[in-house]
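Paired with chain B in one complex and with chain C in the other, chain A is shared by the two complexes that follow.
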Partner chain A sequence: MTMRILTAVLRTIRNSRRLAIGLLILGVMVLLALFSPLIVNAIGGGKDPIEVAAYEKWLVPGPGHLLGTDQFGRDVFAMVVKALSVSLQIGAIAGIISTVVGVIVAFVAGYKGGWIDGILSTFTGILLVIPTFPLLIALSAYAKNVTLFQVGVMISIFAWPFAAKTIRSQVLSLRTRPYVDLARVSKARDLEIIVTELLPNLLPFIGVGFASSALGAIFGLVGLEVIGLGPGGVVDLGQIIFNAITTGALTLGAWPMFVVPIVLLTLLFAALNMVNIGLEEVYNPRLRGVAGE
Partner chain B sequence: MTADAPPVVAVDKSQDSAPSRGVRAWLSRHPLAAYAIRRVGIYFVELWGALTIAFFFFRLIPGDPVQTLIQTLQQNYMYNQQASTELIARYQQEFGLTGNMFSQYVKYMEKLVLHGDLGPSLINYPTPAQDVILRALPWTIGLLGISAVLSWILGVLLGAIAGWRRGKLGSAIATNLSIALSHVPYFFVALILVYIFAYSMGVLPARSAYDSNISPGITPEFIGSVLKYGLLPGLSIVVIGTLSWILSTRMLMVPVLGEDYLVYAEAKGLKGWRILTRYALRNCYLPQITAFGISLGFIFNGNVLVEQLFNYPGLGTTLVTAIQQLDFNTILGVTDIAIFSVLTAVLLLDLLLPLLDPRVKYWK
Partner chain C sequence: MKSELELRGVQQRFHARGVADGYITAVDDVSFSLAASPPQIVSLVGQSGSGKSTIARNVLGLQKPTAGSVLYGGKDIFKLNRAEYDEYRRDVQPVFQDPYAIFNPFYRVDRVLWKAVKKFKLASTREAGLTLIEESLRAVRLEPENVLGRYPHQLSGGQRQRIMLARVHMLRPSFIIADEPVSMLDAQVRKHFLDILLDFQTEHGMTTLFITHDLSTVYYLGGEVMVITKGQIVERGPVSTVMHEPSHPYTKLLLDSIPQPDPDQRWTSRIAVDELDDLEETDAQAAPAPEAPIL
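Take a look at the complex of A and B:
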């Protein structure tokens, strides 16, 4: 079964250039994040380039410091590389948690139907309409010393409804397919039907749910950081932007401090969105070519 | 949280199986009225559910607003004595923090629904939170409302054109640009715009909502100043907003283009522009109206950061200030206002839809 899924995934990627490009950008970023300790080391050449007063303050970009240094004399390039891996981690943590919650809610609601579906869908709908950012800011303002994982959990509280909504509508349409009926007549248990019949067919939509939750989570953390309410002790891309604003990097002309994080995050959002649209295109023939050239 | 839910079903049931035959018959003769009643019922359930979730959410977060208030007072007035228990009790009474969680909830809802009272604010004690919010509200409605509507109109038009001219270079550029940028936070665009126009070129202001040398009023100077100061924050919302509407409109437009009636219109010799606006666009902008209402919540989320960056005196800035001082009543009030606005907008648009689209029939 693993092989079946693997070949299906490969076929999907071959069929969509957009999906391939999105995954490629993501892959490069993940590699960069994985090797970030090595890269940071190489920049520092023995000492820690992110240490306070490692170099002179406000150095302009040059061969020694590709992106210059910040108000504490830290190397901006090294900071950006390290921060990228934090941003990716939060996306992965919150993405996985909210996708799992979303999948469970979607399957219970879509498969069971009836009043359970009524309650769960109304609840999901309410959460989708509430502007969640105030709640998220409030939550983080009261929870100062939290780990990255805990922030991920906090963000997931608001991110799962998107995944749940996407997947539920697909469960509804798959539930009435003949092969599901067949499985039911042959006395398969609910869980068995869900795992062996429904889940494999829903993988692309679970992928969509994951990509959009990850996107929302990264945006959430960046949002918290730029108003100075992020978790302590971690530097993500949003915090570098926050630094740039509060220290007046805009007026000083130290553009790398906010342009580079913004470009990286934009690239990341673009890649996740391309994966989203690519997946939808491949599995929804009606859309094929619709979003295309 | 599941405790909120059972009445949902109850409301639906009571409408599905109305006991009186007369009412039922009347409703089946007036499907539109039946739809409206049902829709309004759902609206109230959603509103109540959302407000309840927000209330308990904020009450369950640790943090003591009374202690914060006393600290603020001590700092501001050099009031160095330890607060007496009496004083604390009085403030707790005033902030609605006495009794258990449920009785606090009942009291809060009662004050909110019957008197529109959100309790005293902390950031501007003892001004009531609703007054603080009402002062900020026009700015946000102006900034966010105009930008949201403008990006919707621009995005739907451009998206329709992009769908209409698919395969052409311009359309491909617009589509790929929207795919790449439609999820970028407004805030990023705002930051880049501020850097270019405010700091590098120095042509537009980057902070506040109007020139403080001009006294507020309905004068040409003041309005001009407001427009000038609103340009950058507004633009940053419009740029990204337009791009995301382009993408979704294009997706709705392309399937419509294959329809027979469009071929017929073309065979009649109608001009391309006329076919686009009168024939094709009419069929794809309707779902976008519903989508507009739903998107308001997201736009509000993004708007908080934009306002904060520009120090714009709207709800977003109020919210951030309130959070920094643990001002429960104001935070909850802003959230409540946002919830109310979004749900009401969605309701109004849903009720408006059957009037705009004769094909929509709400048979139950």
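Take a look at the complex of A and C:
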């Protein structure tokens, strides 16, 4: 079964160049994030390069500091690498939470149908039309000193309905397949049918759900940081941009502080969207086949 | 094994939009029974939309009828206890219409057979299971090495449908519910399939409810036939009797609509849907007027 999923995933990737490129960019970024402690260490050469007053303020980009230093004398390159890993973390946290919640709700609603579906769908529908960002601002303003994880959870509250909605409609279409009937006359239980008959065929949609929630979360956090309401104690890409704006870094020749995070965010956005589009491209026209060539 | 499967006043309604009262009646007060012995083949014929598949789903316990009951061994199949349910499941098995959609594209075809082995505890070891699977595949004239380990899309429709028959062969149910099992197969494969079903009847004592809209397969299988139209069974009898002396106007119409293989006897009379509707009207007129108050 695991092997089967792996080969299915590989085949999917082979079928779409967009998906492959998106995953490649993501992969490089994840690697960069994973090695960020090492990279930061190497830059610091023994001391912490993102400590306040580690170096002189506003150094221009050069051999010593590839991207210069900021208003507190911190190395911008080291900051960016660290911030990238924070941004990816928030994406992963919110992506996983919303996908798991979304998938569970979607399966229960889609498979059980009836009044359960009615209640869950109404609830999902309400969350879908609530203007997310203002509420998020209100929540963050109210809850001072939130941790990164808490922000992730907060963002997930608003992100899961999107995943639930797409997956539910797929469950509805798959649950009337003859192979589900065959499983039922073979004494398979509901949960078994969901996990072994439906879930594997829904992997691409779950992937789409994950990628969109992660994207939403990363940009949600950037949005919060840009207006100065992010979680305390961590620096994400949005916060570097926020600093660049408030200190007028661009006029001081410290353009990398503004440009590099934006470039990274753009790349991230492009990569996740390529994954999204790639998956839909491969599966939407003919839902039939993870295995169906 | 329980010896009888019986439908008693089964009615199945579905909610539908754009219909006068908000629902359609797919199966309307249907009662019939199937006996396990002597093993028999009972065909259920009717045009598209007459409610055949819905009856199959009711009998298989996939759809709970809105009224009436399906009895297995005298008990309502939706009220069986654990042991009775297990027996019913083992004893009443389907062959479905679409040999493509019946397999989950995600898995190799073997899985369907192994599932049967495991769920119904047909064998205690892997070797015994494999022996059983190979034996059943040969019984439906499939070479195990040609089908095992393949994915559904790598097999032909006929092969896939015979794998479903192999599954039935392993389970040896008393009742096979076959919903248009050959409608997607070509003529030669079709005959092959029907022969296997007849074998199952004579060799393994299986009773088949054979659902079809094709009278030539009904002829070929023999046994009994039930005619269904608009959710109601209007006629039941031995194939030869019903075919030669149809008693219901709908059966006559159905018989008239068979294309003749004889070139001199061209198939001239087209049976169109409106003709069926005409029939419906005359039918309504012929029917006794609803309870007039007797003074």
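In this section, the second predicted complex is superposed on the first by the 282 of 293 C-alpha atoms of A that agree within 3 Å, B and C clash if a C-alpha of one lies under 4 Å from a C-alpha of the other, contacts with A are read in each partner's own complex, and residues count from 1 in each chain.
Here is the rule we go by: a residue touches a chain if its C-beta (ideal position, glycine included) is under 8 Å from a C-beta of that chain, and two chains touch if they have at least 3 such contacts.
This is a predicted model, so every value here is computed, not measured.
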item: Touched partner set for A:Gly223, first chain B, second chain C, both or neither; value: first
item: Partner chain(s) touched by A:Ala8 [first = chain B, second = chain C, both, neither]; value: second
item: Chain B versus chain C as contact partner of A:Trp255, first or second or both or neither; value: first
item: First, second, both or neither for A:Ile119, with chain B first and chain C second; value: first
item: Superposed model, chain A: greater residue contact from chain B or chain C; value: B
item: Chain B versus chain C as contact partner of A:Leu135, first or second or both or neither; value: first
item: Chain A positions touched by chain B in one structure and by chain C in the second; value: 289-293
item: Contacting residues of chain C [partner chain A, same complex]; value: 57, 60-62, 86, 89, 93-94, 96-98, 101-107, 112, 115-116, 119-120, 151-153
item: Chain A residues within the chain C interface of the complex; value: 4, 8, 177-179, 181-188, 197, 200-201, 288-293
item: Touching residues (chain side chain B, partner chain A) in the complex; value: 1-2, 4-6, 8-9, 12, 45-46, 49-50, 53-54, 57-58, 61-63, 166-167, 172, 175, 179-185, 187-188, 191-192, 194-195, 199, 247, 250-251, 254-255, 294, 297-298, 300-301, 304-305, 308-309, 319-320, 323-324, 326, 331, 334-335, 338-339, 342-343, 346
item: Of chain A, residues touching chain B in the complex; value: 18, 115, 118-119, 122-123, 125-135, 137-139, 141-142, 215, 219, 222-223, 226-227, 229, 241, 245, 250-251, 255, 258-259, 262, 265-266, 269-270, 272-274, 277, 286-287, 289-293
